[in-house]
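Heads up, the next two complexes both have chain A, just with different partners, chain B and then chain C.
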Partner chain A sequence: MLLNNTNLFINSPLEQFEVTNLLSFNAPLFGYISFTITNLALYTAIIFSVIVGLHFLGNNDTKLLPSKWSILFESFFASINSMVREQIGREIYLPFIYSLFFFILVSNLVGNIPYSFTITTSVIVSIGLSFTILIGVTILGLYIHKIHFFSFFIPAGTPLALVPLLVLIELISYLARAFSLGIRLFANVVAGHTLLKILSTFLFKMFSGGLIIFILTLLPFALFLAITGLELAVSFIQAYVFVLLVCSYIKDAIELH
Partner chain B sequence: MAFLGLRKWPTPVLRPMAPFIAASGITFYLVKTMQDFGVRSETYAKDPKNPYAAQIAREAHH
Partner chain C sequence: MQPSLVRRQLGNLIPPKIATPKLVSASSGEGLAPLVNFYSRLPKGPAPSQVGGIKAKYFNGKNASAAPAVWVILGLFTLGYTIDYQMHLKHHKNHPH
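Moving on to the complex of A and B:
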């Protein structure tokens, strides 16, 4: 696909997902170094600043009376804490789960702003994250249980004759977790954004078609607003589902059933 | 130790995260291998937008 940096018109609804170079530094030093700041890097920095800034501003300095922001962050913390305690039983992975939840939530929400870039629409971010989590969970399980970790692939109560087939099926479903976790997030966000882009292009054409068509277009526009609201809900839900499944996988690694 | 002037509680962060840090190293290595493979592939090795095009051409000559 051609980069359309100078063209103001968009050619395809998938162009919003292109990773473009914003600032580039190439030099034939130490072999060859090429350092580029892409729009993905810029938005990752923006998301990092938003998360750190919000937590810094929402900090209430241990005052007894909560401010509005600290009520928000305390309720987020309480819900994630209760989810982690319910799934894993201990709070030891809470910093990781909390950071992961906020990273995915804020990435999805920042991406919902018109004309911005959603970093979770990048395959490297979504599937790289889920791959890293699966490999981390496997290393954790192997470290805790050593060779007994492989008993996870034989469900309780299987007849001995079915064990080879079942181990193969369980192994494949375990390896598929790496991709399903990331693809669930990736596909939901990409599909939602593509739909919004296509609908908004049609609505723009219809709105610029004269006074009567403008008034008639207000009804599909209300539907489009509802779909935008749905997209905001999907941002929250996908972050929650991702984090819930990560808790579940960590529990599987620690308890092996 | 404090971050931006906020208080730090003694929560263990590095020890529970150690498997995931190792996993991110493995993922980084895999993504780097795939990127090198893509940059040097037939389709993109001579692309004018490829910043490594000159270096790959030089290595191909030697």
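Moving on to the complex of A and C:
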């Protein structure tokens, strides 16, 4: 059987997550500066333009009758708004939560386009985001409650003897939030993209293996399409879960249990 | 009371005589000609929409369609493929490993 020899290589399914230099600029200035545009930077810029562009173009110009685009954005806004109202109760955090949601959602969705780069599969983005948020939330808690913020680490009604142990446990669980928030997003997206890459490599081999195998492969291909749909759903769910948890962390910092 | 004083008092009530039919439309409205000329040249009909381009074509009102989203997806696919091709697909083209 004559195999298609030009495409026999198999790349690592993890190669898609590599951050590569697209454009570098080194200059012997200020010591030695290296200015690099990576695919991460490029796609971050693209995501920013997509979000701002869609919101600019999709807005309704204060007309009474909404267009379909403005209905879309208004429903997103209404959902995020109700979530912030229910969780935090103060709408001052709404702009932050809304932009965070759209950033994660659009970066996940852009990542679902074949050959593109998903920025949330970079640890520096997802963990960096969650760490930044948790540091900010801690500063917020300290700012509001001053020294009383540390009562957060002692559950109500704890016997004095147990306080050192419980403070340690609570502190660890508090710090673990910073990791778990980022890792949840990162791991879900990475797992999905790796799975799709592996399956599509298999499917490509099977589709190029003769007519009968081609027809038989249509069945797993349908399954593959379903998994792609699942990935789209994961993009939404992860963005939603991320902002939901950020809401509850902010609430914790404001209300201290 | 002096008559001039009465007139001055009434001057607040009686508006000054600026335009009378005779003054404005003397000899069948010649004085209004520049005005008529100006207004007759103004565009007629409802005011055109202030926004144009992509927003009017694909986003506003009944023109709202999914076309921009499809174009963004196609554009990003092309960009991604181009980068992928230039970064490594090119090297594997004739040298499988």
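Quick note on the criterion: the second predicted complex is superposed on the first by the 247 of 257 C-alpha atoms of A that agree within 3 Å, B and C clash if a C-alpha of one lies under 4 Å from a C-alpha of the other, contacts with A are read in each partner's own complex, and residues count from 1 in each chain.
Note that a residue touches a chain if its C-beta (ideal position, glycine included) is under 8 Å from a C-beta of that chain, and two chains touch if they have at least 3 such contacts.
None of the values given here were measured: they were computed from a predicted structure.
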Using the touch definition from the top, say if A:Trp69 reaches chain B (first), chain C (second), both or neither.
-> second
In the superposed arrangement, which partner chain does A:Ala226 touch: chain B (first), chain C (second), both, or neither?
-> neither
Touched partner set for A:Gly58, first chain B, second chain C, both or neither = second
With the two complexes superposed on chain A, say which partner A:Ala78 touches: chain B (first), chain C (second), both, or neither.
-> neither
Figure out whether A:Asn26 sits in contact with chain B (first) or chain C (second), or with both, or with neither.
-> first
Return first, second, both or neither, reflecting whether A:Asn39 touches chain B, chain C, both chains, or no partner chain.
-> second
Is there a shared patch on chain A that both chain B and chain C touch, and which residues make it up?
-> none
Could you pull out which chain A residues touch chain B in their complex?
-> 3, 24, 26, 28, 31-32, 34, 36, 52, 56, 59, 62, 92-93, 95-96, 124, 128, 131-137, 139-140, 143
Residues of chain A touching chain C in the complex | 5-9, 11, 20, 22, 39, 46, 50, 54, 57-58, 61, 63, 65, 67-69, 110, 113-117
Note: in the complex, chain C contacts chain A through residues 51, 54-55, 58-65, 68, 72-73, 76-77, 79-81, 83-84, 87-88, 92-94, 96-97
Flag every residue of chain B that touches chain A in the complex, lowest number first.
-> 4, 6-7, 11-13, 16-17, 19-20, 22-24, 26-27, 30-31, 49, 51-52, 54-55
